[in-house]
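One chain, chain A, links the two complexes that follow: it is found with chain B in the first and with chain C in the second.
On to the complex of A and B.
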């Protein structure tokens, strides 16, 4: 990941960041979330999770993803992103749709027939 | 009521898997067809010039604090934002006068609509009227019309999905997969398409005057003196 933003404390009010780097960071988050939601959907389907457990599994995977991304950013979020929301919330709902689809697909193939 | 239905394995082999594979392949095909049909339109010099002025004004506003006040003023006042008086061509009229534009828009629309109608007709024709899948979580009765489109049985548990509804699920759920395998700028992104439509009737003089107003209210404050202090801090940290 590229450094998107300089240290905030010194240059108190002026916003200094490189828009391109910031965008590329967002793209990385989006890709990793989509990828993980598809993979976790397939895993949940193969394991045969149903009902609430499947969604809990999704939340768990997304939480692990967030932690992984934060670790990748060396626990200094503001060097790479403008806010915490970006790293935790972004891509959550769009990933859910892919998750449900692949969950259903794998579950049907393995368990229903 | 929630007794298990027994589904034939042939349904899996001949409906569920082929349908999903076809949806993915059609998405890929559509991406490349729309890429093929995208024509690079030629712009006339005046429009390009005005667009560049707008871009320059935007850059000036964004970077205003990185240049001294004098430079900022001279850039602002020396004719950067001369709003052209000429009658702005109405985008609607522009569209009619330029057949290429209309063609372009039609191509974009067609490349989206045709494959979807064809796939839908294909699914309807071959796979109508039976249960193809079961979603692994319970839903309320409200979702019946959404998930069991095409089968009229009120006693079947709602979590069973008809093949036509499986098509719709695929249509929405595969967007994430497409963005992974086709890259960022894939043609299936509807939101982006809408954005393009909005930017289509671009009126330079209007956005120019908006930029002018934006520049007028910029509070200029030169940031570089602070940066010297900052560099000093960094260097001190390195030395100590």
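On to the complex of A and C.
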């Protein structure tokens, strides 16, 4: 049973919102982006992408993820988040390291060994 | 959530199969002594299918978004703190009529 909810006064967007619900939503976005960074790394390795093309592929998959997350929120962002940046931009670069790791991993397995 | 998890595992298996196909394709190219320009078309299709399944799983497995408005239906404000030491019930509220509109959040 929940103890209660936190009130937070934000001067830019909402007066009162439930901060732990917002944090739960951000965690969902983080999990989705991390998993898709790993998957896109494996696909880039299998395809044999090298150099800048691979990074373009990563940003493409992250953009598709943003569209998918907006569709998951039923296009009404303000019921679940306080600003557009949280769902579009946030976490964009956090999966980059995982992407490069699995990209080199898959590329080595498929193309070198 | 279980269906999403199954779809994710299926997507990863399809990607593994595509990787194995590409390894065999490269072995074939070594025999014929050609350059590797890209995986064959059916492997690309398989990769797209795996990517789509993993996208679906990544959006459905971690859970639904919860609303952050304080007055929406899944955020009832009436919620009991679980500290009974400071709760007293011997106050003026006992003569009031109970409000049947209040719902309890468990």
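Rule of thumb we're sticking to: the second predicted complex is superposed on the first by the 99 of 113 C-alpha atoms of A that agree within 3 Å, B and C clash if a C-alpha of one lies under 4 Å from a C-alpha of the other, contacts with A are read in each partner's own complex, and residues count from 1 in each chain.
Here, a contact is a pair of C-beta atoms (placed from the backbone, for glycine too) under 8 Å apart; a residue touches a chain by one contact, two chains touch by 3 or more.
Every value quoted in this text rests on a predicted model; they were computed, and no experiment measured them.
**Q** Putting chain B and chain C on the same copy of chain A, do they fit or clash?
**A** Partners fit side by side after overlay.
**Q** Examine A:22 and indicate which partner it touches, taking first as chain B and second as chain C; both and neither are also allowed.
**A** second
**Q** Looking at the overlay, what does A:101 touch: chain B (first), chain C (second), both, or neither?
**A** The first partner, chain B, only.
**Q** Contacts for A:54 in the overlay, against chain B (first) and chain C (second): which applies, first, second, both or neither?
**A** Once the two structures are laid over each other on A, A:54 reaches chain B alone.
**Q** For chain A, which side has the bigger count of touched residues, chain B or chain C?
**A** Between chain B and chain C, C touches the greater number of residues in chain A.
**Q** Now for A:46: first (chain B), second (chain C), both, or neither, which partner does it touch?
**A** Second partner only, chain C.
**Q** Which partner does A:109 reach: the first (chain B), the second (chain C), both, or neither?
**A** A:109 sits against chain B and chain C alike.
**Q** Is A:35 touching anything from chain B or chain C once the two structures are fitted on A? First, second, both or neither.
**A** A:35 sits against chain B and chain C alike.
**Q** Just chain B (first), just chain C (second), both, or neither: which does A:73 touch?
**A** In the superposition, A:73 contacts chain C only.
**Q** With both complexes overlaid on chain A, what's the closest CA-to-CA approach of chain B to chain C, in Å?
**A** 9
**Q** Does any part of chain A touch chain B in one structure and chain C in the other, and if so which residues?
**A** Overlap of chain B and chain C footprints on chain A: residues 14, 27, 31, 35, 48, 109.
**Q** For the complex, which residues does chain A have touching chain B?
**A** Chain A residues touching chain B: 10-11, 14, 27, 30-31, 34-35, 37-38, 44-45, 48-52, 54-55, 94-95, 97-98, 100-105, 107-109, 112-113.
**Q** Please give the residue numbers of chain C that touch chain A in the complex, ascending.
**A** Per the touch definition, chain C meets chain A at residues 8, 11-12, 15, 18-19, 22-23, 26, 36, 38-39, 43-44, 47, 50-51, 54-55, 57-59, 61-63, 65-70, 72, 75, 77, 79-82, 105-106.
**Q** Going by the contact rule set out above, which residues of chain A touch chain C in the complex?
**A** Listed in rising order, the residues are 1-5, 7, 14, 16-19, 21-22, 24-25, 27-28, 31-32, 35-36, 39-40, 42-43, 46-48, 61, 64-65, 68-69, 71-73, 79-82, 106, 109-111.
**Q** Provide the residue numbers of chain B that touch chain A in the complex, in ascending order.
**A** Against chain A, chain B makes touches at 7-9, 11-12, 16-17, 20, 65, 133-138, 161, 169-170, 172-177, 179-180, 184, 223, 226-227, 229-230, 233.
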